[in-house]
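Each of the two complexes below includes chain A, the first together with chain B, the second together with chain C.
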Partner chain A sequence: MLEQGWVGGRRARFDTAGRVRGLVSHVGDQPVGAAAHVAVHRSTQPHALIGAVHTEDALAMPGVYAVLTGADLYKQFGDRLLTGPAFADQPALAHEKVRYVGEPVAAVLAADLATARAATDAVWVDYDELPPVYDLADALEGSAFVHDELKPSSVFGDLRHLRGVRDTNVNYTYTLRHGDAQAAREAGAHTVTGEFWAPPTHHVPIELPCTIAWVDAGRLEMLTTTQTPSYVRQTIADLLDLPLSRVRVTTRPLGGSFGAKMYDRLEPLAAALAWTTGRKVRLVASREEAFLLTTRHGAAVTSSLTADAEGNLVSSIADVRYDTGAYADVGPRITAKSGMVTPGPYRIDTAHVRSRCVYTNKPSAGPFRGFGVPQVTWSHESLIDELAHRLGEDPYAFRRRHLLREGDEAPMGTRMHSADFVTCLDSVANAIGWFEPLERGSGRIRRGRGVAVGVKAVLTPTIANAVLQFNQDASATLLISTVDMGQGSDTIMAQIAADVLAMNSERIHVVRADTDATPYDTITAGSRSTYHTGNAVRRVAQAMRDKLIALGAQHFEVAEADVELTPEGLRSGERTVPVAELVHGHFGARGATLTAEANFTTSWAPYDKETGRSEKVTEHWFAGAIGVQLTVDTATGRVHLEHLAVAGDVGRAINPALVEQQLTGAAIMGIGHALFDQLVLDQGQLVNGTLLDYQLPSIRDLPDKLTPIVVESPHDDGPFGAKGVGETGILGIAPAIANAVRDAVGVRLTTLPLTPESIVTALENKQEEES
Partner chain B sequence: MTVRITLKVNGVDHRVAVEDDTLLLDVLREQVGTTSVREGCGVGACGACTVLSGGSSVSSCLALARRYDGAEITTAEGLDENDAVVSSFVECGAAQCGYCIPGFVLMSTELLTDNPRPTEQEITDHLEGNICRCGTYPEIRRAVATAAQRRSPA
Partner chain C sequence: MPTLHRPDTLDEAVELLSTVDNPMVYGGGTAIQILIKQGILFADNFVDLAGIPGLREITPGAGVLTVGPMVSVRRMETDQRVRAHAPLAAEAYHQVANPRVRNTASAGGNIAHGDYRLDPPTALLVLDATVLASSVRGTREIPVREFFVDFQETAIEHDELVSGIRIPAQPPGAGRFVKNSSLGENDWPCASASVLVTGSTMHIGLGAVAPTPRYVACDATGLDDQGAVDAALAAIEPELDPIPDVRGGVAYKRRLARATVEDAVRAAWKDLQHA
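== the complex of A and B ==
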């Protein structure tokens, strides 16, 4: 059935059979032939000046080709060695000083990986220790500084004013000021406050990061596990001081990413080494090393929410601190984008948010599914729940009353469109039986229910391009730079094009990102592809349809308006010509192609520096809700999820099956963040950076029942009304679970994860207070 | 010390040279070419490197190759498209990025060979050592139940 593969159809993901049997080939599967395998010697110090780096012993080992240090690379590249999406602060190899335990200090190139890894142990470094900045408290106290001065990159113009700022660990502050929130709080009748903490976590895509780089005819070519091929090309061109045309970045499908494989990971080092030595180099991170490449920001939020005597929300105040580790990565953007939604998706009279991005001597934190929003959702969804309890109101009904509706202006000044929070909340509440009586239990096992709502802005402004080649045999080749990492973009982009062209989506091949061939696309991230690249794909398919119709008009010798594209071919009145025949007739050759291209670009109104407000801070919104019913074992503190419902407003589901999978997949990841998932650091040293020690959700952690709910409130400008969904499901999981725990046993937890010990301790404290 | 061993992988004999400490994982990926066998953790904690040796699951990231001289190894590539487990995974959409899935397919094959009609609890018990970071567990669970049905209809 053709329509199965069009918009709204549940066609199977591209190459499911190949995925199941492991036939999809990934970057690490590519044979490299004669190449230098690279291993990295890492810092043992959180914060220290680098003295001599002793490489002689490693160099003397058989099979070792070369050992390079940060100083070697700095000699070659100067300040261009420092890269990063928001701040150009991260060297491919540490130069002059190290800023976290595990930072790359020297790279060994050898005939094979085992030799290279063994030789890294023979490198030793003289350090001159500096006072370490272990956490947010140290950093904000401000006696030691991770960086001597701030170095904004050229990517974001609005960070320029920070260049050269010294004596601070705060690299960016976003402020939202709407009305006088302090005065409104004082005048209000009921205020709830909280100190919230969401720890650093790790993405752990099962595929390990891998980069292969080589020099070919004076060009730097690279095959790498990245979500951001266009970005990487620019970074490498800047680093090597080459025109973009002399850098080629290619990818393969990724074995998961979730934000881990984007911006500057292994790529700058691989490019620098290949360029400097002239060798083909292959870098692959071990799982332990992958933990050090990037993390999710740990975040502290001190916040309050105030209602007046009638229960209207009058004031939201929050101080948000994102721990970005040793390098800013995209932390400043996270700080702003998440800061502006810290009050939550509610009608609130006034708001004051200060959101800061803070350097510490830890592995760098970067983007992770949700882009910092889950950490602030943890705050606003706990606060509003507690406020409802305080007022003796039903937490579902209280939220519902205050949720932003279509056309409402959010506290940061932008209106809501295609963000149906109310239907999301209603549908999860219905799904988990919120309106039915709850058997609460009376003994050791207590039952409770909780809900939470999430809001997130899509990355704006961004650019997407698409090129479509329509082949004479009525198949098509779609060139885009979106990277399929499991979300199914290759599948839904083919569905969009197939729908417009009334063709079989299985006959459309999506070319893997290759910057020599596929056109620029900002990034595959932030749930932006369906809307942005999807729009470019819809446009390119429309352009192609117009070309085919023009050919049809010539063929039939009628006006274009009298020609229609159908699954059977071009039709005019009673006459039909198959597309293959039409194109063949036009070119007089088999295998010829027609080409079309299209662009889709979004714009924004930058937020005001003083107030943080903007009438269009984002192209569109993500809206989601979570409902959960669970039990708590009051003796052990163990939480058991009986039913979790996850709803997301996706505008229009291009492929409902894949949308549901994104919702449940995000929910399962969120369950880990709620209950056990966290990176533990002791004096700057990561102590659980292996999969023996780092707990991830397994099949055992599935709720008894997991219900995905697709809400469709079409977006005026989305392709067929569609928006993305990759992050929507994760936003509210932790607070929904904590709210249900509150409902079950009466304790409010504000520190994630909700470990059994933390629940037992809270129950004991409550008992003490009551007695 | 380098020794030569024979591995029968998916029915085909492979003569391979291995050192004392060569891992079965590396031999399968680099010498035999079965790249469905994947390293996710290197410490036996994710299941991405699972293979069947004589029908029993082995974490190839922990297995020394030389101990498998003469072994009959099955990887996911070796299963037919019409195999009950493979076709059930495909039909249930039990793959997102798919990186972890070959490991789940082989664990499920082992389970259903030993226990043709597993309960939901038994499926969970057998698969809990495998990690799917995309969170495909609901579809995987359905796929295993479907495959059980398909292999031995009640």
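== the complex of A and C ==
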């Protein structure tokens, strides 16, 4: 049915069959012809000065074309070799010193990948070891420094004051001050405190990162697995000192990403090598190498929440430390955007947050579904749960009483709109039977329930553009730079345009990001595409509708106000002309196209320098809630999820089926983070960086029942009221599960993941305390 | 690059093992392929057994089932003769990895891998199976209880291959296999146990809780289920020697081993009562 393809319809995504059957071709599937295959020699030291790099043996191997070191590239590019979205601190190949075990030190170009990889073993490096900074404690103690001085990139003006700062591992601090939180805590009646830890994790998309780069007629062209083609184009142009017009970045559909394929991954190295050698180069990360490319930030939160004698929330205090590893990447942005929501979506009289981004000698941490917010949600949703228990109140009802409502100002100063926490919380509580009696179990197996809510801002300000070609045969070609990595963006963008143009969305083709053809779009990340690019698409479709109506008015010789666009064509009174006939008549040619373009840009109010507050810190909010019922086996410590409900306020679901899939997928990813998923490092060395050891949820780890719930509180400015949903479902999973464990067996765990070992240890400690 | 050899006969295969440099027998490849990709397995010559006729046979004999080395783990799980002859073994094979791996992995390769966490050895230990090891010097029989000699090390010599496994018929009584992981459900087991109660003896095979699969037996005469659990826990205690790693520390792995054995013993005792 036609309407299935419009806004609110559950049309199937256009690429389901192709993705499932392997018929969609990805970057790594593209034939490259004669090319140099690149493998990387990696650092064995967490922190060391690079002495000599011995490449002679590798160069002597048959099939090896060239071996380049960081020093070689630095000679060519100077400080332009250092790139990054917030700080220009990361060299494509380590230059002068290495900062983590696994950092690229030399690149081997060879006739085939096996030869290149074998030759990396023949590269030898002399190191002069430096004192390593293994963790946050080492870093903040401040006797060894990962970087000699801070190097903010030119992208963000608000980081300029950090340029050249020395003798620190803290590259950025965000502070929120709302009232006198310390005094309010001291005056309060009940305070709960916690030391929370969420470990680094890896994204593990199915498709491995791959970049192919070559020089064509003096232009650098690139085909790469990236969520951020516009950013990569700018970075490569800066690195090679070229005008944007001489850099082309293209993508194929990504096989998942979750933040792993953003900003500076393989692309700067590929561009530098192609430009330096003149060869077409192909880089692909092995599964083991992918673990080193980027991670989720491990984060420590020391926090408290205070209520007065009536149970009103009077003070929230938190010290947040994000471990960003060897390079800042987007860590400073995460530190601010997540720091500001550390108190949670509650009415709280006062708040004080210090959120710091900290260098260590570990693989660099960057964006990951949730952008640092799950780590602080872990803190605020554990604290408020514990406070409810302390006050003898129901954790659901206690939250509900304090949740921010429409129009309320959050502690960081921005008002709530289209963020229906109450309905989200009510729906998950109802879904898991919160109000029904619970059979708790009396023997080895104990049962409990938990809830949690989550709040996140959207990346603001950002820019989206769309170009629409309306084809004479009444089909359309939509040019946007949003990257479809499985989330279904191409499908919903077609639905948005189709709704405006009263046409079948399956007749709209969405062009893959190609910076030569598709217009600038900030990034495909942070759940921003539905709202931002969706608005640009709605606007471009409206512009096209206006053009068609103008043609219709000419055709019918009536005023434009008397012409209507319908699924049957342009109509004026009783007369109808099919769109194909109208456009054919206008151009006198088959296959002609009409073109329209549109832009959508958002703005924000920067944080106040003193208080960290802003009256508009975000264009809109994501609001979600989780409810879970589970059992704990007290002999083994194993958690079994019986029912997990995940609700998200999406404003309006453009395609409810895809929204449910996003909520479900985020929940499953969150279950891994809650129960077993973590990168384990020992003295800077990754010890579980293979899929034999790294833990991801399998089908057997899913809850017996998983219920996604779409909440719709339309946003005034969203396309048809819509907002994004990619991250909403992951925010509160870990605390909801921990709160249910607390309910089941009476122990409060503050370190993720909640392994069976940590649960039985907590149970033993509790027994000891009680005896 | 290593050389791949595809012999047509067992004689050719063992000849290769005695002549080529640094050989490794290639069965289903499910372990070898992963180790190669990780760059931690080095062999100059792979001797693939896939083309040798007869190695996929399951042969019934007098009270003994002889399993060819290339019989898939999946067939060990599903074959009616294995299920009738040694249901405990079939159950352990049934719980290996996932169906894709079970369809490819071989029974011979499974034990030759020698990993301390494997499921089938726990059942083969309590059933007192025999491993056939062939080389140019002939074929010798190794009791499976003497097969797993050290961490990732078996009694197979460098020029030998596993040419069969002889499984005695499971005696009357009750047998149960239980395993527990400590992280993802589908992860390597953190503790596994096969328990076989027959007559007055309780046989216990342990996986993942020491550097090698372990076997112990204890007298179960006149015990009720709690008595059997206590006897089993006392019997396994000296055998527990877990390796601490990302899947758990020593104390937790010991605890999980005890919980796993207790579950297997209780289940077996329940079976006996309902028999």
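Operating definition for what follows: the second predicted complex is superposed on the first by the 771 of 771 C-alpha atoms of A that agree within 3 Å, B and C clash if a C-alpha of one lies under 4 Å from a C-alpha of the other, contacts with A are read in each partner's own complex, and residues count from 1 in each chain.
One rule holds in what follows: a residue touches a chain if its C-beta (ideal position, glycine included) is under 8 Å from a C-beta of that chain, and two chains touch if they have at least 3 such contacts.
In this text the structure is predicted, and so the values were computed from the model without any measurement.
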{"item": "Which superposed partner A:477 touches (first chain B, second chain C, both, neither)", "value": "neither"}
{"item": "Partner chain in contact with A:485 - chain B first, chain C second, else both or neither", "value": "first"}
{"item": "Contacts of A:697 with chain B and chain C, given as first, second, both or neither", "value": "both"}
{"item": "First, second, both or neither for A:611, with chain B first and chain C second", "value": "neither"}
{"item": "Chain A residues touched - chain C or chain B, whichever exceeds", "value": "B"}
{"item": "Contacts of A:638 with chain B and chain C, given as first, second, both or neither", "value": "second"}
{"item": "Partner chain(s) touched by A:688 [first = chain B, second = chain C, both, neither]", "value": "second"}
{"item": "Common interface positions of chain A, toward chain B and toward chain C", "value": "286-287, 690, 692, 696-700"}
{"item": "Interface residues, chain B side, partner chain A - complex", "value": "29, 34-46, 48, 75-77, 79, 81, 86, 89-90, 93-102, 105, 123-124, 127-141"}
{"item": "Touch list for chain A against partner chain B, complex", "value": "12-13, 16-26, 29, 203-208, 253-256, 258, 286-287, 485-488, 657, 661, 664-669, 690-692, 696-700, 702, 706"}
{"item": "Residues of chain C that touch chain A when the two form their complex", "value": "1, 34, 37-38, 180, 182-188, 246, 248-249, 252, 255-256, 259, 262"}
{"item": "Of all residues in chain A, those that touch chain C in their complex", "value": "114, 286-288, 635-638, 672, 675-676, 680, 687-688, 690, 692-693, 695-701, 755-757, 760-761"}
